[in-house]
Structures are given as structure tokens and as C-alpha cells.
Amino acid sequence: MANTTLQKLEKLDRRWVFLAMAIAVAAPLFFKLGLAPKTTPPVKAFYDYIEQLPPGSRVLCSFDYDPGSKAELNPMCVSVLRHIMLKGHKPVILTLWSTAPALIERNINEVCRDEFGKQYGVDYVYLGLKEGREAVMVAMGKSIRSTFPTDFYGTPLDNLPLMNGVENYSSFALLINVSAGYPGTKEYVQYVTSRFAIPMLSGSSAVSVPEYSAYFQSGQLRGLLTGITGAAEYEALIGKPGLAITAMDGQTMGHFVIIFFILFGNLIFFINRRSKGRA
Amino acid sequence: MKREIPILITLVFGVFMIVQFFIPHPAVNDIANRLQNWAIIVISFSYVLGSANILRINGELVYRRAPGWPYKLVLVIAFFTMATPGLILGIAEGSWTNDRLFTFTYVPLASTMYASLAFYIASAAFRAFRVRTWQASVLAITALIVMLGRIPVSHFIWQDLPGIVDWIMGVPNAVAQRGILIGAALGAIATGLKVILGIERSYLGRE
Amino acid sequence: MEFFWISIAGLCTVAILSFLYSDNPLYKVAEHFFVGIAAGYVVCAEFYNVFLPNLWRPLTSGSDYWLIIPLILGIALFTRFSDELGWISRWPMSVIIGTYSGLAVIGFASGDMVLQVQASLIPVFEPATISTFSSEPSVLNFLQIFRNPLFTLGLICVLFYFFFSVEHKGGLRHIATTGTTLLMIGFGAGYGYTVMTRIALLFDRFYFLFVEWLKIAA
Amino acid sequence: MLLKSASFALIVVALTACAFAQNDSAIVVLGQGAAPTQVLVVDPPNDGGEKLDVSWTPTAQPGFDILKYEVLAAEAAEGPFKVLAEGDHKMTSSVITSGNGLRLEHDHPYYVKVVAIDSTSLAVPDSTNPDSVVVRFEKRLRRSESAVAGPFVPRAAWFNMNRLNILLLVLAFYFAVMFMVRRAKAGANIQFRRIAGIDAIDEAIGRATELGKPVMYVPGTQNIENIQTIASIQLLTSVAAKAANYDIPIIVPLNRAFMVTVAEEAVKQGFLNAGRPDAYMRDNIRYLSDEQFAFTSGTTGIMMREKTAAHFFLGAFYAESLILSETGFVAGAIQIAGTANTHQLPFFVVACDYTLIGEEYFATSALVTRDVEMMGTLKATDYMKAFIIACLLASLVLEMLGVQFLRSWFQVI
């Protein structure tokens, strides 16, 4: 009897699994837990690097994600911009993902223009999208002006005071890449940091964190925001809680559900295998 | 003519991309930079080609009244709903395409597509994640520790857990990733060189 | 008006999620609409961000007539649609392939091969880790002792797994096995972190559905 | 502390600048007072002649509260000078490059000067009361300029010596590849260890044949310029040939329009190699969508509808790997995966019957096709790996002895 139930469970319609997942992740929206993560070394290194830059430093930001990875990386993009603004640094922002320009423009307007009241062209610049992936990264090492003749709004770079004197990577104190995949942090490490002397920080989708950990360990990355948890730690560090911290409750529940499913699935598997063996 | 010129073009572009790394002299670097900027433009065209191809294929299906053509028609209509006002009025903030169409259709559609992966990962965890070998058990144990250690309640479970996960990520994981990176790099370098030198030409197809 | 558009977004979300129950026309409409919108958006994005600033303006203003070459190459890509002229599209294809192959050789050589090897050229053992552990015994300090040995000897084991000239027999099998174990730890970490990403994306959709759209949760 | 003083200095500069914006420009002092002495300009080696290293000695005279330094350059001794670099009072050197409308080019002469900026109090008559003898003290910025140094001519290098190590490694690798390929072509017996993945490929096709169901081959989701895709296309020809031998269809779903011709050619070639060109079906090479998830659901749709019995996921994969491999697992198909995209490997390892990890994937391509070219390359890659392992072993000894020769040799930039 018990065995047949377990055998049925092994072939359970996956829609029940879907439902369990949905309930677990959605429940914290109705019953708040208010969890906040503790800072981990890669996130602390990310935060510290921006903190120690002299105020007014020019920072090159490449935000490479799309609506599909927005949930994880938009909080990072917003927090990075906030932190840069809080420290009085001057971001020059671009993207290599063709569906990113609108998402990033909204963040820039919300943070730089509305929240901090900074002046476009003087305190921050949005270069927009350039297609070409690695080719763009290397081309910017020679001349940002020939790669980006105008900014996102069609203004020639010469008319933007912040771009005055900007030639290539050497005009920047730091490169920050928020990356959902290809092209992103791996390519910036391969084609930019090992070619042009510019320190780099990365905010990465958690999927790529294990791989980028090797770059962080070797010093090719000076700091690493590790997925949504890293984004939440970073929000806590800069003192501006946002969506990433809100997400921590659902995150916790979701992890528990997956852990449960792995253990439970294997338990059934082994019990069934043993009973089959006896039979 | 049909094979030699493409191989020559690959050689020229490939060689300049390599030598510009070693030769800083502007005589070489300026040409390499120009070639790069050309490549950026051609790549951009290739994306438009991709879109045009989607349109062509689906338009044809609608024209032929192929099975499921009404859906293809939805696709074609969606294309023009985005592209027409987008090309005329622009896609910056403040435009209809961006503030309405992109924000309220593209963004939720794309993010939900990716979000549904959470369900598949759950179902895969339950139905496909089987610890049948010792390799899989090492993988499973690490995965469980990492998942537990990366949630805000981890230090309640065991105070050292977050630190252990930091160590796993920073040491054994980094070592494994490094090994893979080095191995993959060698493969990539070999293939890259062979493509440039015209030894590897399967990308050209068969004549 | 705002609620109307948010409801459209809500409908899109529900339409895609409905696929989890079973494939249905609503999902198919949403999916095709999505592909069409995406294709349309890419055309606009390329037009405003690359075609106009990098090609059209410099060309028409006369600042760089050489750009006629990538223009022709770009247009030549479209010969792919023709059976007789399709071979012309290999020229621009070769531009793309040549560029990426050349860049890849250097990128992988400097970024992944040389610098990653360099980071493991460290002493095999750090005596200070022992003294730290003996003065302050803890699990974490114990683990730190293995840091340098893993980065040097451990890396050799992983590389040996990818060494195809020697059969993994006898004592060598243990080296390869250690390599595989380390690889599996890496993949386990990968699994855990991917779970993190996926759940983050899902939570965001629920946040949208219940908080921003239906406003039934706070 | 450092940060505080730096930001304080900046605030002082900003406030003084604001307060006296309506006044005449700052006072300029030449070659004395706070002016830096001994401006040294060096042309850095290994560059394209677009940089100059400038260093200077701060004034030895006490009593100056220097706020910042500016480095200026010009094409002529008499100017106009442009500010190319600036920094706080602690700065004593800087690398200058093009900027501010001045282009630094190789083989052109440039003149350089360094300006120290401090604030000073200046007595001025009280302008509100012209008859008064009372003076006010105003704080003003004072610019103390060094003597103009120059001309300096940056030279462009024909080789970046810092990158010699990479050139040597790439060249050594290249010659090893050429040498081994030549040997392979000459018929030398090149031996490799057994890779279980190769047997797995045959087994998978055999299983599909038993069931009489089609094979599915997904060559990744990236374009042909991706090196993984290129390797996958080579494997595709072999897998297609095997499928043709057993007379089972091979379905290739694609998510790049570009890939259609390439995949068609590869499969056609495979059928030709197997002597079954007649069995080739163009309709089985299917371009589904450029959009990742439309492609994924299209591919899983094919799995469900056509009950494909063997799945090959070989190439560059992203998020779709999970759905593809799970759907295949549940459908009971035998699955072989191979990718160099590390982050997708866990899902393949868990849900596939055999997974080719990273370089194993490229090696399999060589061993399956028995292509002398690729076999030679694989052998050369092994030599390179042996070299790296040797370096790691050597460094175990060297580093313990405190010799860091190897580590510095592997330095880049």
C-alpha cells in the first residue's frame, strides 16, 4: 500500500510541484518575514572599492541585461547608480544588450535625475546601446568617441561636458558591469581588464557567480555582487533598502522548497528502488 | 571567388584583431580600429537580418495559410505595432513604444518567460535530480549547502554555515572553475587560430 | 488609463504562466506577440543606436566615406534570402567570424589562460594558516589551511582530468577522481546559485501580480 | 581618513570657487612659491605614443596649503595649454593622454607644465566704501606654475614587450598544433585515452534506432561565429552520418536564422558521407525562432510531438538547458550534452545520461570525427596542458623558496 503510494508519487504530475513552488514563493507577500542577509566578502569588496574612489571619479558602467533578467539585476543597477551618486562619482553608462536601453534609461532618470537632481551631461551621461559585443569592448579601448559618436539622445559627445577629454578606458577610474550573461562580465574580463589597465567590479546574475568567483579570486574582478542575495546585501550596505531586500523572504521559502524536493524525490527513489529490488 | 574571398576576409580581420594586441603603433592600431568599427556595423545589420528573416518566414506562413497561421499573423502584427511607431517616433523614454508597448507588454512577457524557469527547476529537482553516482552526490551535497548558506536564515541553522559557503565558493569552486576556464581557453585559442588561417572553414558550408 | 495598461501587463503575465497548466491558445498568442514585439524592438534599437550614429550620420556628413564598405557588406547580408546570390552573404559573414575569432584568441589567452594560471602560482602551503588555526580553532580556520593546497595541487588534478593523452589508470586514477570531485563541487555551487536566480525572477512576477497589479498584498 | 580629507579638500575648492566666481580669475604666479620644481617627463615604452609620464617634486618651501595639482600640455611652448590631468595635494606623478581638445600623437612635440593650486589671502580695498582706508582680506585661489618643460616627443612602439609572454605562448601553441597536425597527416599513430562520451553517442543513436524514433540535435543557441557552435557543426556531420547509417531521421532545431544554411550543409554532408544523400530531409532542419524561449518551447514541443528518443545538446547553451534536458529526461529520452558554458553544466550533469564538460566537448568532436586536423590539435592542446601543469609543479618548489620568477613571467599588461 505504502509502496504503491510512493511509486505514484514518483510519477506525480509536475503541476503539483509547480503549485507548491508558487504557494511557497508567493506566501511571504502576504505574511512578511522581514529577513535581511549578512554581508559576504565579494559584496563587501564591491562596496569598499566604490567607497575608496576619490569623489568625482569618472566611472564607466555597462549594464548588460534584458527584461527577462530584470528582476535580479535591476535592483543592482539602481543600487550601483545610487551608490555612485551618493559618493559624488560621475557615471558614463552604456549597454551591449539590444533590449536593455529602455530599462536602463528609466533607472538613470529615476536615480540620477529625479532622486539626486543631477544634471545630464555634467554629472552623468547615457551612451545607449552599441551592438557588436566583444568588438565594442575592444574598440572602446582605442576610442570611445568613434565607437559612440553620439549619446543615447543623439547628442554628439563633444557637447557633453562630462565627456570632455574622454578618449578610452584610461579616462575612467573604474569599470562596473552588471551582467546577465553573454556579452557581459566574462567578456569584459577577457577583452578589457587584461588588455587595458582598468579595475573592474561586477554585479552578476547568480547563475554566473560560480564562474566569476574564479575571476574574483584571481583579482581580475575587484568585487562581485552575487545575484539577488548580493544585491540585497549591497542595498543594506548603502542604506537604501529596495526590491532585493523585499525579495529575501520569497527567496528563503523558494530555496527551502527546492531543498525539500531534492531530498524527498531521492528518498522516494531509493525506497522504490529497494522495494523493487526485493520484489 | 566564392570561397577564397571569404577566407581572405576572415584572415585579414582575424589577423588585425590579433596583432593590434601586440603592436601598439598607430599604423596598425588605427586600421584595426577601423576594421572593428566596420564589424560593429555589419553585426548590427545581422541583427536586422534576423528580424527580417522572422518576418519573412512568418509572413510566408500567413500567406500560405499554413497550420497555426493566425498566430503567425499575431507575430507579424506585433512586429509592425512595435517597429512602425518605434522607427518614426523613437524608442526613448516618453515615446509611446517605450512607455506603453515595451513597458507593459514586452517586459512582463519576457520576465514571466524566464520566471517560469523556477517551476521547471523545482520539477527537475523532484523528478530528474537523482543521486545515482558518487559524482552526483558530491554535486547534490554542495548544492544543498550552498542553497542553505545563501539565505538570510542560514546563520540560525549553523553559525558557521555562511562562512563555509564563502569558502566553498572562494576555494574548491574557484579551483574547479579555473580548471575549466584554462581548458576551455586552450580549445578556443586553437579553434580561433584555425578559423583565421582558413584551416577550419566549416562555417562557410559546402560548395 | 494607467490601470488599463497595468492590466494588460497582468494579462501577459497570466497568459505565459497559463502554459504551466497546459499549452493553450492564450499562451500561443502571447508568445507570438512577444516574438514579434522583440523582433520589432531590435530593428528600432539597432536603427537608433548603431545605424544612425555609426553609419548614416558620418557617411552623409562626409566625415568618413570609407563607411560605404560596411554599408555594402551589411546590405550584402540580405542576399542570404536569394538562392542564386546567397554566396555573397559569406563576405559579411567572414567579417563577423574573422573579427570574433581574432578577438577570441587574445581574449582567452590573456584573460583566461595566462591570468588564471598566474593566480595559482602560489606557495603550496601557507604556514600562517596553521598558527591561526592552533591559536583560534574553528571550522573556518581549519578550512583555510586547505586553501593554498587546493589552488595548486587541486588545480593540477582538475587539469589532469582534461588531459587526454594518458589513460586514467592506477595511481593516476586518484588524481583524476580528485579533479572530478572538485568539478562536481563547482557544479553543485552552480546549481545552488542558479536556483537563486530563478526564484528571484519568480518572486518578482508574484510581486507584480499581487502588489502592483491586484494590490491584494502589501 | 584619507577619504575625509580628500572630500574636505574638494569642498574647500568648490566653496572658494563659488564665492569668488564673480571676481577675476585666480592669481597666477610663475615658477615660484608653491610651484612644483623639477618636472620630469618620460615617454612610456610599449605604447602607441599617445601617453607621457609626468612626475614632479613639490615645492620645498613650507607654508603652502596646496589643494590640487594640474598637469597641462600644449603643442607649442607658448601654449595654448590644456589641462590633461589633475589630482589632490598628494599627487606627484601622472600619466597624461589625449583630452580636452588636445590630441597626444606619436612623433609630435609637446610641452608640459605642472600647476599647484593653493589658496591665499589677499588684501583688497573695501569696494563698498571707496574713501575708506579699510582693507578686506579675501581668500583667492593661487595658481603657481612650474617652468614649461619640453619639447617631448612620444614615440610609438612596434611591439609591446609586456605582452611577449602571451605572444610566445600563442606562437608555441600554434607551432605545436601545426607540428602535430602534420604528424597526424603523415599517418603517425596518435593515441588518446578513452572518452566515455563517445560510446554514449553511439549508444544513444542505437537506442533511438531500437525504438524507431528520431534523433534530435541542438547545436547550441549561438551563432556560427561562436567557437562552440563551430565544434558542434563538425560533430553534427558525424552524428548525422551515424543516424543516416541506421536510417533514422535527425531533427535539428535552430534559433538563429543564420544557422539554417550551415546546419543544412552539415547534415547533408553527413548523409553524403554515409552514402545516403537520398535520405536527407531538408524539413528536419528547423529554424524555430530567434527568441530564446519561443525556441525552447518549440524544441520541447518537437520532443513531445515526435517522441524523439535521443537528444544531443552540444554547443553554447544558456537558460534553455534546464527545460530542454528536463523535458527530455521525463520523456525518457537518452541524452548527451556538451558545452563549455560552465553555468549550464550542473543541469546537464543531473538530467543527462552523459555530459561532456568544457574541453572534453571539444576533444570529443576531434575523436568522433577522427579528423587528423582535429586529432593533431587535441594532441597539441595536451602538450600545452602538460606545460601548464609543469609550471604549476615548478612553482610549488619556487614559491616555497621565495622565488617568484614564474609568477612575474605570467604577468599581463
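To keep things simple, chains are lettered A, B, C and D as they appear, and every chain counts its residues starting from 1.
Note that a residue touches a chain if its C-beta (ideal position, glycine included) is under 8 Å from a C-beta of that chain, and two chains touch if they have at least 3 such contacts.
For clarity, every value in this text was computed on a predicted model and none was experimentally measured.
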Central chain (by mean CA position): C
Leader among chain pairs (count of C-beta contacts): B-C
Between chain C and chain D, centroid-to-centroid distance (C-alpha), Å: 13
Chain B-chain D separation of Cα centroids, rounded to whole Å: 15
Mean-CA-position distance for chain C and chain B (Å): 6
Junction residues of chain A, two or more chains touched: 14, 18, 21-22, 25, 68-71, 98-99, 101, 130-132, 135, 138, 147, 152, 194-195, 207, 209-211, 213-214, 217-218, 226, 229, 251, 254-255, 258
Contacts with 2+ other chains: residues of chain D: 163, 166, 170, 223-225, 227, 258, 261, 289-290, 292-293, 319, 322, 330, 342-343, 346-347, 349-350, 357-359, 363, 385, 388, 412
Set of chain C residues in contact with two or more other chains: 19-20, 31-32, 34-35, 38-39, 41-42, 45-46, 48, 50, 54, 80, 93, 96-97, 99-101, 103-106, 108-110, 112-120, 155, 159, 162, 183-184, 186-191, 193-196, 199, 201-202, 204-205
Touch-based graph of the chains, sorted into line, ring, star, complete or other: complete
Complex contact set, residues of chain D against chain C: 163, 165-166, 169-170, 191-195, 223-227, 258, 261, 289-291, 293-294, 297, 301, 322, 342-343, 345-347, 349-350, 357-360, 363, 378-379, 382, 385-386, 388-389, 391-393, 395-396, 399-400, 406-407, 410-412
Chain B partner contacts - residues on chain D that touch it in the complex: 46-50, 105-106, 156-160, 163, 166-167, 170, 173-174, 177, 181, 223-225, 227, 230-231, 233-234, 237, 256-258, 261-262, 264-266, 268-269, 287, 289-290, 292-293, 319, 322-323, 325-326, 329-330, 340, 342, 346-347, 349-351, 357-359, 362-363, 373, 377, 380-381, 384-385, 388
Residue ranges of chain C in contact with chain D within the complex: 19, 23, 31-32, 34-35, 38-39, 80, 86, 93, 96-97, 100-101, 104-106, 109-110, 113-115, 117-118, 120-125, 152-153, 155-156, 159-160, 162-168, 183-184, 186-188, 190-191, 194
Complex contact set, residues of chain B against chain A: 17, 20-21, 29, 32-33, 36-37, 39-40, 43-44, 47, 91-93, 98, 102-103, 106-107, 109-111, 113-115, 118-119, 121-123, 125-127, 129-131, 140, 143-144, 147-148, 150-153, 155, 162, 166, 169-170, 173-174, 177-178, 181
Complex interface listing, chain C residues touching chain A: 20-21, 38, 41-42, 45-46, 48-50, 52-54, 57-58, 99-100, 103-104, 106-108, 110-112, 114-116, 118-119, 186, 189-190, 193-197, 199-207, 210-211, 217-218
